[in-house]
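Labels for the chains are A, B, C and D, by order of writing; each one numbers its residues from 1.
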Amino acid sequence: MVVNTMSRTVVLGVIGSDAHVVGITILEQALSAAGFDVVNLGVQSSQKEFADAAVEHSAEAVLVSSLYGHAEQDCQGFHEVLEEANVDALTYIGGNLAVGQDDFDQTRATFEELGFDRVFDSETDPEEAIAALERDLNITTTESEQVTVTS
Amino acid sequence: MIRDERIPSEELRRIDEEIRSGWTTGGAVDFEEAIAYHESLPARKQFADVLESADKPLLQPRAGVPRLDDQIELLEYLHEEGKADLLPTTIDSYTRDNEYGKAEEGLEKARKTGDDTLNGFPAVNHGIEGCRELIEAIDAPIEVRHGTPDARLLAAITFAGGFQSFEGGPISYNIPYTKRHGLEETIEKWQFVDRLAGAYTERGVRINREPFGPLTGTLVPPSIAIAIMIVEGQLAATQGVRSITLGYGQVGNVVQDVAALNALQKLGDEYLPDEVCVTTVFHEWMGGFPPDEARANGVIGLGGMTAAIAKPDKVITKSPQEFQGVPTKEANSAGLRTTRQVIDMAIEQKIDIDGIAEEQDLIERETRCLMDSIFEHGDGDIVRGTLEAFDSGALDVPFAPSDSARGAVLPARDDDGRVRIFEWADLEMDDEIKEIHRARLSQRADTEGRDQSFRMVADDVDAISDGKLIGRPQGDA
Amino acid sequence: MIRDERIPSEELRRIDEEIRSGWTTGGAVDFEEAIAYHESLPARKQFADVLESADKPLLQPRAGVPRLDDQIELLEYLHEEGKADLLPTTIDSYTRDNEYGKAEEGLEKARKTGDDTLNGFPAVNHGIEGCRELIEAIDAPIEVRHGTPDARLLAAITFAGGFQSFEGGPISYNIPYTKRHGLEETIEKWQFVDRLAGAYTERGVRINREPFGPLTGTLVPPSIAIAIMIVEGQLAATQGVRSITLGYGQVGNVVQDVAALNALQKLGDEYLPDEVCVTTVFHEWMGGFPPDEARANGVIGLGGMTAAIAKPDKVITKSPQEFQGVPTKEANSAGLRTTRQVIDMAIEQKIDIDGIAEEQDLIERETRCLMDSIFEHGDGDIVRGTLEAFDSGALDVPFAPSDSARGAVLPARDDDGRVRIFEWADLEMDDEIKEIHRARLSQRADTEGRDQSFRMVADDVDAISDGKLIGRPQGDA
Amino acid sequence: MVVNTMSRTVVLGVIGSDAHVVGITILEQALSAAGFDVVNLGVQSSQKEFADAAVEHSAEAVLVSSLYGHAEQDCQGFHEVLEEANVDALTYIGGNLAVGQDDFDQTRATFEELGFDRVFDSETDPEEAIAALERDLNITTTESEQVTVTS
């Protein structure tokens, strides 16, 4: 992979019938401020909508959010759909991924098995997601470019 | 195009029949028999009467699991251990999407494995019999809580099943809950729900209707919430509903919350027809909770304190596990008891806080602006007006995921922690009022030595979960 | 007979030597070396400075276990997980009784078995070295909390050991804590403690002294507590103490609590010499707690809310396990965090409640009556006056177990939940004020349709643990 | 034992160095209202003071209270002291009997083993203690006599 400081498009959305929009609103804003081009699909997006958007915008990462407790069902077969569409992007998932009072390590394992590159809990700050993206996409940020959302 | 008019009887019957054919359990509904059933219920299960005659705020949690026996056990626990006065039955997500087939699968799986494969109680699948078993098992009134855009079959079955209170409304269960349902569509569907409740009401069975006040739960300015409550109350009243509980979600500033609850009751009484008995429900903080049960208890404590001062008719409690996920029944009860303790310790005290009247006055003026705008947009018809006002952005809800609302208005807290409007977009409001908000927010910006920006909004969204009310810049920022 | 006079230097030295010979660890105290040690401590461990310069209420829990390493671990936990700003070291009961031999046995047993055979940290037995290890391990100021009538050796060792704050006083650690210690005896002994603190103060090491405001923790009328705080503050000031934190225990009525804290600060500033820096500490409810952690969290929530409004310099928190017994460190931290969340959410809000000024005025008048009476009883000498006033019953504390106080005065709540005096016995008070109390209590009796009686007092004692503020008659009584 | 409706003297006090007085103040009042003659020793009473008072007043019951967590130590040998003084009274203990967050069943067993006839936790209402006394002392209360503390 080559160092890439230019166009970095990510697709962001809430999967399934989940309508919790606040988290992705905050994420979108933080990602944009950090220099990403964000394609925000909004809430209640289907697997296919994620795949189509990733293809259309040649996204480097697909960021899935889920809060309402049905993430596991909603993501069954997601990576197969992406593969069929020839999407070769990083996949992250984050939010409140299990129903009830669960242990996060177990949750993380479940979603890694489903194919996600990284799994984030709902205590995740946008900054952490951005740092992970920059690491995974091998993005070097020069001093002058550095935009943090606290600024 | 639909208007705010009562559905004629034949039309009601036609839709009712059509709707009930949507799932096998629909066939069992018999209106006359259902009336008789409601009449047979003891006084302590008559929701509207219990709520309207209470002499202090009644407490109600949220709770729903797929299996009937589990739901009975859960509600019994919340009643006995949590001392809940009113009980809920929260419906699962498939039912909310009218996917009764998927709900059936989930229910069967739940019955086989014992796992909670659904996130609520699929009342349609349980049918009238199942509902009645629940009603009979629990010695308190029970409300249906859901988030369903098209709740017609759910209403038909739960009303016949003995439930006497039904949450939601065409705006409040659309804008915050779904992306693609058109507002005209949901208004039409909820006119049926309200008309059905009205039909029961005419026969002496007053079904209580409760528009969902917190909306997106996230820094919703009181006047926006109140205007929507009045609209939904009016729509329900038109269809014959006579017991209406208007809702409001805590924003965390005590003065603003008390003022808002006062304004809600006052404007509700004023705008809604005299025949309607208007009550209010206060939702403990509906936004993001701290990821720590001890801190969550602090949030709940502030909610209880606010309720003790404002004295709404009902309080919907949160649990200390709100952040994490669906709470255990123990945590759910704990939230009830913490709230009860605070309310009972504080409610007999005379606590008159300065500035409530002024804040209430501001909220009322704002609400009237919005209501005037709605009436103007609709040439006097509130349905038309609501549709047009949302369409033009004259009416809007912050953080609305729905395509039917702009979601362009943005709130932020002022220096005292009251929710003001930072980005008005096209929201209809007197310039004088806008100036008040602007001044309050620029005072905060001065205090913090930073410009007003989306960053401020984002900080406020996170503030309570981070342990503060106002999202001040942290550290050396 | 003793008077309110500073102990002369030679006398201080004489007693100090005598006292330090009472237990082996006493020998290691070297005043000059101790001063140097205190000077070497970083600013963030200088108790008085940290407390007096804080811009919001600092939180402090209660905690003490026998072994040093356990105590370090416990305080680290409360600091890191509970986010306590100030830390305590609570001393065991044997040490309070000056039974250092028994404490030694307990400590040895604790070291061998790992069990907590003592109910606190035996600081005398740990000696200077042990104390300093604790001071060095913890990155925050630490106060000694105990309940010891004769705390002279404890003071000598803990001051030299690096502690810079010391709770208690001759009245507040006598009347509520012990039956047989004479008041004259404890005053004399605390004059030494204060003189020792004064000696450090003169050398630039300001030992903070904190009279124990809650007294018996049970419905203590604010003016009685405040008068005793002023007396103890004055006694300490006479001996050269310059940092004094006056205490007050929550009664649960927000207006009365805020008024009392205001009056405490105001009268403290007024009565105590200008050289003294007076701060205040608010104790969350010190009476019987509900036997239920969820409800206890409600009590704690009300405490946090009151603190957010009154803004004392320090808050001593309770844990949700207060009813049951000494709390686990997790529960102790939870109490801290619940309190912190409520305070931080509410403190930036402008919450001005009506009637605080009037209540404060009443409390001030009452306190002045008591202070006047003390000065009169002592012909201007506060020590003599205190002794005579307690003797005559002109000064009294409800539920006092001590033979030195009549314990004849009885409190009861009025219809608003404020603590009034039901039985005055010989308490010195203007008739006009008595009339105000009488009227308020008879209003309550009317509301309840019963006579004022001890039963009302007993009901009030149990009320908060039973889930209410006011002990109204229950059921069909 | 014969039915006894007359003089019923009980000794009440807080043992050890414990100074928690509120509980026994409430108990004294309730017991008196229920018709008992109460000898209240107050707080910080020694084993010997309990025994002496029981002898002096021919008490039918000795009621020990302890709140501060040292009850077990404070009650070691208590029943031997009573026996030596020839006290043949019922013995009750109540309050907060263990240090820390304990299981009450275990606590009850500990104190029964020490010789107490009944062990009460700190949730005990005075009414319960009175009911137990009346049962154990075989006291019949006629309707007219019945004095409850709620009256």
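Please note the rule applied: a contact is a pair of C-beta atoms (placed from the backbone, for glycine too) under 8 Å apart; a residue touches a chain by one contact, two chains touch by 3 or more.
On a predicted model such as this, the values are computed, not experimentally measured, just so you know.
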| item | value |
| --- | --- |
| Whole-Å gap separating chain A and chain B, where each centre is the average of the chain's CA atoms | 31 |
| CA centroid of chain A to CA centroid of chain C, Å | 54 |
| Chain-level touch network, classified as line, ring, star, complete or other | line |
| Chains touching one another, given as label pairs in label order | A-B, B-C, C-D |
| Partner chain C, residues of chain D touching it in the complex | 14, 17, 19-22, 25-26, 29-30, 42-44, 68-70, 96, 98-102, 122-123, 149-151 |
| Footprint of chain A on chain B - complex, ascending | 93, 96-97, 116, 119, 176-180, 216, 218, 287-288, 291, 321, 323-328, 331, 399-401, 407, 454-455, 458, 461-462, 473-474, 477 |
| Interface residues, chain C side, partner chain B - complex | 252-255, 290, 292-302, 304-305, 333-342, 344-346, 348-355, 415-417, 464, 467-470 |
